[in-house]
Every structure is written in C-alpha cells, then in structure tokens.
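Structures given as structure tokens follow.
Okay, so chain A shows up in both of these, paired with chain B first and chain C after.
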Partner chain A sequence: MIYDMAIAPFVDYGFMRRALVACFALALGGGPIGTFLVLRRMSLMGDAMSHAILPGAAIGFLIAGLSLWTMSIGGLVAGLAVAFLAGLISRVTALREDASLAGFYLISLALGVLIVSTQGSNIDLLHVLFGTILSVTDDALILVASIATLSIVTLALIYRPLVIECFDPAFLRATTGGGTVWHFIFLVLVVVNLVAGFQALGTLMALGLMMLPAAAARFWAGAVWSLAALSTVLAFLSGFAGLLLSYNFNLPSGPSIILTAGLVYVASILLGTRDSVRTRYFPRAHFHD
Partner chain B sequence: MKKLALSRLTLSRLALACLALALSFALALPASAEPLKVVASFSILGDMVRNVAGSNADVTVLVGPDGDAHSFEPGPADASALADADLLVMNGLGFEPWMVRLAAASGTKAKYVTASFGINPRRLSEEEKHAHDHDDEDHDHDHKGHDEDGYPEAAHDFDPHAWQNLRNGIVYVQNIAGALAEKDPDNALVYQANAESYITELKKLDGWVRGELAKVPQEKRKVITTHDAFGYFGDAYRIEFISALGVASMAEPSAEALARLVDRIRQEKIRALFLENMSDPRMMETIARETGAEDGGTLYSDALSKPDGAAPTYVAIFRHNVPVLIAAMQKN
Partner chain C sequence: MKSAAPLSVRDLTVAYDRVPAVHHLTGSFAPGSLTAIVGPNGAGKSTLLKAIAGLVPLGEGRIEGANGNIAYLPQLAEIDRSFPITVIDAVSLGLWREVGLFRAITGAHVRRARAALAAVGLEGFENRQVGALSAGQLQRALFARLMLQDAGLILLDEPFAAVDERTSADLMQLVEGWHGEGRTVIAVLHDLERVRESFPDTLLMAREPVAWGATPDVLAPENLRRARYVSDAWGDAA
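After this line comes the complex of A and B, so read on.
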C-alpha cells in the first residue's frame, strides 16, 4: 500500500525519478541561498530577480527556440545586469537599493513581455515561463545539478564573510574594507539558482521552493548552518511529497510541490519550536508538578 | 492634309469613346470597385474566405499563421480591423471566445457569420471537458454570443475543431459564400462559382484522404498528439487520437495523467507520436523517452504554417498531415 503510493511511481516511471532528482538539486542549491535571503531581509528581492530574468530568457527563446542553453544564458545575463545596475545606482546616487532594483526589474519584466508578445506568434508564453518539472530533460538536470554544486562550493568559500555581513556589516567593513564583494557574489548565486529553477519549475515556482522552506526553517533552527541544512531538507521533502500528491491525486505537479512547501511553512509558523504561535501564545506550563 | 483631318477625327472619336468608357465604369461600379473588408478569426478561415472571394475582398486574419487561438490576446490593431470590417467570419463552437467581446468593444456594424453553423457538432467527453474547463474560466461570459449562433447554450460542451473533417469544411465554405453574397449581391455569381470549384476540390481531397488512409489496417490506426484538435478528423477518417494534454494546449498535466498515458502507450505499443505546430516539445520528448515512441513529425491542426512552410493553405494541411500520419502509423 505504502509501496504503491510512495515508491512504485518512482520505480515505474523515469519522469518521476528525474523530477525527484531535479527537486533534490534545487533544494541543495536553493536551501542555503534562501536562508541567506531570509537572514539578509532580502526575501522579496528574490521575487524581483525572478522577474528580471524574463527578457533575457525571452530573447534566448527567440534566437534558438526552447533551447536550454540560450535561454539560461539569456536569463543569467539579464538577471545579473539588473542586479549590478541596481547595486551601482544605489552606490552612486541617493536612491536606495530596493527602490533602484524595483525600477530595473519592472523595466526588465515589461521588456520581456513586450519581446515575447510582439516577436513570436507561435510562442505560448506560459510554456516559456512555466517549465514543467515532469518534462525535465537530461541537459536541464545536468545544468541544475552543476548549479547546485557551484552554489554550495561558493557558499562554503564565502561563508564567514557572508555571515558576518548579515549580522555585523560594520565589523566586516572595519576589518576587511567592505562587504560589497561578498554581496555581489551572493547576488550572482541568487540569479544563477533562479535560472536553474526556471528550467525545471518556471521562475515563480522555483522561487517558492527557495523561500518557503527557508522561512519555515526559521521556526525550528537557530544557527545559520542548521537553518540552511533544515531548509534544504524541507525543500526536498516538499518536492517529494508534492510529486506524490500530483501522482496520487491527479494534480498539476509544479503547484503541488509549492503548495506542499507552503503547508510546511504554515505548520511551522503555528507549531515550530522557536518563536512560533505555539511557543509565544501557548507556552508550556512549567510550574505544574 | 486630308490624312491629317481624318486622323484628327479618329482621335477625337477615340477620346470620346474613352470618356464614355470611363463614365460607364464610374457609374456602374461604385459598389464593387471597393473590395469588401472581411475579418476572419484565424488563418484557416482566412484561407477559405480568400478562396471564395478572390480579389473581391480584403481579408484580415486575427490569429495568424502558427498562432494559437486558444490563448490569443487581441490588440488595438485587431479591434480597429474589426471596427472597419464589413463582414466577420468566425468558427464558433467556443473556439474564439474573445471574438464576440472584441467585436462589441470595437463598435463594429459588420455582419457576423459563424462558419461552423449547420455542421453536426462533436460532443466532448467528460474527460475532455474537464481538461478544457481548467484554463478557460471565462467561457461562461461568452455563452450569450454562442446562443445567437443557434447552438445550445453551453458552447464548451462541443469540440470546436470541426474543420478537421473536410465534409465540415465544405459546410464552412458554403456558409462563407452565402454571407459574402448577401453582403455583396453584385458579385454573388462570382462567389457562388468560386465556392463551387473550391468545394469540388475539397470533395476530391476528401476522397483522396479516405483512399490513402485505407492502406493502413484498422488496428494500427492509433496516434498520440499534444492537444485534442483531431477529434473530427479521427471520427471522420477512423483514427484513434490519444491526447497527451487534453483539449487546451496550456494545461499543466499532473504526474498521474502523464503516468496513465505512458502506461497506455506501453500497453498498446503505440509508436506514432506527434507534436503540434505550437505546443511545448519538452513534454513530448519526455513521453518519447519513457515509452520508446518516435516523434512522427509535425501535424497542422489549428493554424496554417507561414506561406513558405509545409501547410500554407487549408488544402495543404491535409496534403501534409495524411502522408505524415500514415508513415507514423505504419510503425505501430
């Protein structure tokens, strides 16, 4: 019974295995990145960046059709351009980074929609924007896995300065002379991971798998490393459970995965061991017996 | 001298004759000199109108070659084309739900013709309907428009892709010819003659399709496509089309639906697999990899190809699709 519901689908169908592997890779890269986004109070910035990727992916699509590589490179270039321009503007003018980012990502988004709708008549925009995890190709798997590896290695290398910059930027500036470098390396990782997710789940859904587990982990763990590890585990479990829901109850797979992650998030808000609704408003009565 | 006088006389006569001729043109042709402005909702209807009207109409097509009418977003240029139009040709049966709204918004005084009027509509099965309901939530708003077409209220109970049966295509041509003649009675005979020769061509084509397909044994006549556009084709020419995604080309499938399809392909050992000219190829690649089925090529269903493509006309769609289908089904 449990075998039929939870194991058999992965044994019988290659596309279920691929989807699961894709979820695993996305969780490995996205978990730590999401954690840092939450810690750095940049949760909504991921949303902005996911929109900023569009025009690049659209141009890539127009050049070479549904080609994994041109769309990824296009998305990467557009995302990085927006991130760097926004960072640059906030450093050379009085505009704060969030405002300049909002400006550039909105321009980028509108440009993307404009390009897609005027250029191709045979483009179903939704197919470009919402990848479906059930049809992940070999190339896409390799790309997603490479990006996960790259992000973990890079994060390991810049872990200390990045953590210090999260909690005490003044200290970092005093000792090493500025956190701008680490900040930009981190931004590059965010964009790269969103491009990876874009191939498997579509930009918006990929962001869900990055942010929801990271926000949920906040209610269970305290240290940065444990937050990152827990959000990776939660992201992977959401992917696994979401795929099974999609299989057993005939639901579209992308939304099933993200909604599972959402359910984990809501449950964590209510029941988590740290600062959750339960611990704040229904503390255990220590003084009985 | 004499000669000169003579020639002057002929010259003036000639001039007079020219003037008379020009006058007679000016008097006799004010109605037909200006071609009718016809707007067709999608490329296949546009081709039919061009065949019937010849040079007597300027045809504007809203959803052009390779476009998808299911997810079409009209722009202001489309609304202004409608506003100036004399005649609107649409498919009906819920195929272009945006058309009635767009026509109302443009304030056009043009006459409508529903090309599918009078055909025997194919009911969608419960399963197909479910797939359809997923992404066309706003269908309900359009029911009124279809009521006027004389169909029972729920237009999305029916499969709109009726032109895929050539005998329905003939009904389409008759409807279009009738509407053109009514709008432009001076050229009614021209329209009738064009329609008759076009219908003869379609009848011959219908015979050819049946003859060609007869070469494939009945048990091999199974094909997988990405979108249920071939229901009428399948019914008319007895081929079983198994859909990968349901009626609408946009629905994201569930893992269960995909698994069921894969099971079926494996069980029935189907090898004929088709992408459409506008669907997401990645899903089909997945199915092909999972089952060992082969990509049979491209079938044209809802849209013509560009003029230099494989299926730039309604007739060419069948000339292209039938051999491609046969080659793929032979491998089953």
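After this line comes the complex of A and C, so read on.
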C-alpha cells in the first residue's frame, strides 16, 4: 500500500524520478538561499525578481520557442536587470526599495504575460507561469543541478561576510569598507536559483520552494547553518510529497509542491518550538532561580 | 600600541546635501590620547567620527594618520537583534581583521573571545542568543567585540546612551584600560559630568570647533555658552 503510493511511482516512471531529482537539486540550492532571503527580510525582493524573470523568459520564448537555454538566459538577464534597477532607483530617488520593487514586478508580470500570449498558446503561457516539473528534460536537470552546485560553493565562499552583513551591516562597512559586493553576489545567486526553479515550477511559484521552507525553518532552528539545513530538508520533503499528491490524485504538480510547502509553513507557525503560536499561548513554565 | 603619527584633521568640511555638518575643523588627537567630543545635537560629532572611520566622503580638507586598525562603534548600531547568532559568535566578529574570509577561528581565538566576554561581565553568556540580551548586555558584548578588534584607534559614538549607570561605569573602566594601554580613544558623549571626571581632553564643537584641548579649559562656562549650551539644552542629556 505505502509502496504503491509512495515508492512505486518513482520506480515505474522515469518522469517521476527526474522530477524528484529536480526537486532535490532545487532544495539544495534554494534552501540556503531562501534562509538568507528570510534573514535579510528580502522576501519581497525575491518576489519581484521571480516575476521579473517572466518577460525575459518570454522574450527567449519569442526567439526560440520553448527552448530551455534561450528562456533561461532571457530570464537571467531580466532578473538581474530588475534587481540592479530597483537598487539603483532606491538609491538615487526618494522612492523606497519596496515600492520600486512592487512597481517593477507588476510591470514585469504584465509584460511577460502579454508577450507570451500574443505569440504562443495558452498552454505555452501555463508552461511559463507554472512550470513543467513532470516533463523536465535531461538538459534542464543538468542546468538545475549545476546551479545548485554553483550556489552551494559560492555561498560557502561568501558565508562570513554575508552573515555579518545580515547581522550588523554597519560593522561590515566599518571594518572592510563595503558590503555592496557581497550583497550583489547574493542577488545574482537568488536570480540564478529562481531561473532554476522556473524550469520546474514556473515563474510564479519558483520562489515558493525557496521562501516557504526557509520561513518554516525559522520556527524550529536557531542558527544560520541549522536553518539552512532544515529548510533544504523541508524543501525536498515538500517536493517529494507534492509530487506524490500530484501523481495519486491527478493534481497539477507545481501547485501541489508549493501547497505542501505551504502546509509545512502553516504547521510550523502553529506548532514550532520557537516563537510559534503554541509557544506564545501555551508557554512552558519559566525558570525560577 | 602607540601609533607614531597623531591623528590630525585639517580644515575638514563634511556636508550632507550641501549643508555642512562639520565645518572647517582643524586640530589633532595625540597618539594615546583619550578625548571626548561634546556639543549640542546636530553639532557634527557623529559625522566627525564617521569621517575619521572613512564612512562618509570628505567635502573639503583631509584627515591624516587615520590609517591602520580602527575600531568604530556607531551610535545606533544597525544590529538585527532577531538574527540567530550566539553571543560568542557575534563577539568573534571582532576577529575579522585576523581571520578574514577563510582563515579558521583557532582555540586561541576562542580563548580571547571568552576572556573578552569575561572582561565585560558577560561570563557564561557565550551560547546565549544575541536577541536574548538586554540593551546594556548588548552594549557590553559590543565592547567585547571592540576588545578583540585590538585597534590602535577606537571611535565610540555615544557608547553610554542606552545603558544604566552601573553598565556605563563598567564600560568606562574598559575605556580607561584602553587609554592605559596607549590606544587612542575618541568618544562622543553627552554626560559632561563623566567627561570632566574621566576624559583628559575634550573637543567642544557646534559644527565649527568651539574649543579643543584640556577638558577643564574646554568646558569653561564661557565656551559652553558660546556653543549655545544654555542650561536647558542639557536637559535631555544630563
């Protein structure tokens, strides 16, 4: 019974195995990146960049149809451009960064949908918006796995300044004379991982597998490394369970995965061991010394 | 520990949006001196420290001798207190100059960090989360981090603003210890009583320098009046 529901789909079908491997790679890259996004209070930034990928991918689609490489490169360029522009605008004008990000992502979304729908069918549009994890190709797997590898290695290299910049940015500026370069490297990693996720989950949901497990981990873990490890595990389990849900109940796979991650998130808010609803309203007795 | 050259400021002007915060300031801090910077709000005290720390572009003039190892404690630390980091890790940031991006934190480093925590009265707090510290304890931890930075020039911007009397007295002892070790210490302060008590030198400024030199001379009533230090201006600070 359990074998039939949980194991057999992956044994029997190559597309399910590939989808699972894609989830694993996305979790490895997205878990730690999502952790830093949450710690840096950059969830909105992530949202804006994931939408920004859409028009870029759409232009790639215009040029070469549903081609992995042109759409990825288009998405990458557009995502980086918006990340850069939003930062620039908040520095040279009085508009705060959150407002400029919201502005950019609305424009991006509208532009992307417009481009895809004038040239392609509704099926194409759904592909771009919600991904096609059940038809991940070998090329796409290689891309996603390479991005996961690149992300982990790069994060390991910039781990210290990134942590310092989250915790005490003024200290980093005063001791090393800059934090911008680390911030920018991190932004590039975010965009690259969103491009990876977009292959599998679509532009609208790519962020979900990064943010939701990382936000959920906040209610359980109390150190940066354990947060990153836990959100990777949660992201992978969400992918695993979401794929099974999608297979057994014939549901669309992307939303199933993200909703599973959402369920984990809500459960963590309610039941987590740190600052959750449970610990707030049903606290254990405090210490008496 | 003595740095050879004095830290000197020549005709320094720093402006925000063309409004000068520091205006034509000239003078020098002797190596190993302990100087308080006092003045009304908006007098440019913090800006001067930032300029020395190299954090704001200089409008005109220049600063000499501010090279090498500088430790700077800003007024409102931009610390994210909800960030999941233990006290010992936060304090160990002071080792940045020694360990940088990749070098390991050795047993000797950890011992120094523990010793610094003990020196600021936070023994046993090593593995607590920073978010669990009170404002005074956090300031103590930041002083421990300053100790690990082992800097020849230490800049403190209102280090006692948010802490109680006992904590500020303890921290002042550390400052005096640094002075005794020959480090140059410059602190922005509001508490004139403490300045008179503990700081040999004082710079009184109100955008432009009003007086700079030995504390008793600088804090003469006439100078305070000149800095528009009417008695009620002190109300909030004393």
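Quick note on the criterion: the second predicted complex is superposed on the first by the 276 of 289 C-alpha atoms of A that agree within 3 Å, B and C clash if a C-alpha of one lies under 4 Å from a C-alpha of the other, contacts with A are read in each partner's own complex, and residues count from 1 in each chain.
Operating definition for what follows: a residue touches a chain if its C-beta (ideal position, glycine included) is under 8 Å from a C-beta of that chain, and two chains touch if they have at least 3 such contacts.
Source: prediction; values computed, not measured.
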Touching partner for A:N250 - first (chain B), second (chain C), both, neither: first
Contacts of A:R173 with chain B and chain C, given as first, second, both or neither: second
Larger contact residue set on chain A - chain B or chain C: B
Which of chain B and chain C A:L227 touches, first, second, both or neither: second
Partner chain(s) touched by A:L134 [first = chain B, second = chain C, both, neither]: first
Contacts of A:P161 with chain B and chain C, given as first, second, both or neither: second
Which of chain B and chain C A:L20 touches, first, second, both or neither: neither
Which of chain B and chain C A:L39 touches, first, second, both or neither: second
On chain A, positions contacted by chain B and by chain C: none
Footprint of chain A on chain C - complex, ascending: 53-55, 70, 72, 74, 77-80, 83-86, 90, 93, 96-97, 100-101, 129-130, 145, 149
Residue ranges of chain A in contact with chain C within the complex: 39, 157-158, 160-161, 163-164, 166-171, 173-177, 221-224, 227
Of chain A, residues touching chain B in the complex: 9, 12-16, 19, 66, 117, 121-122, 124-127, 130-132, 134-137, 243, 246-256
Contact footprint of chain A on chain B as seen in their complex: 63-68, 71, 73, 249-259, 262, 277-283, 285-286, 289-290, 303
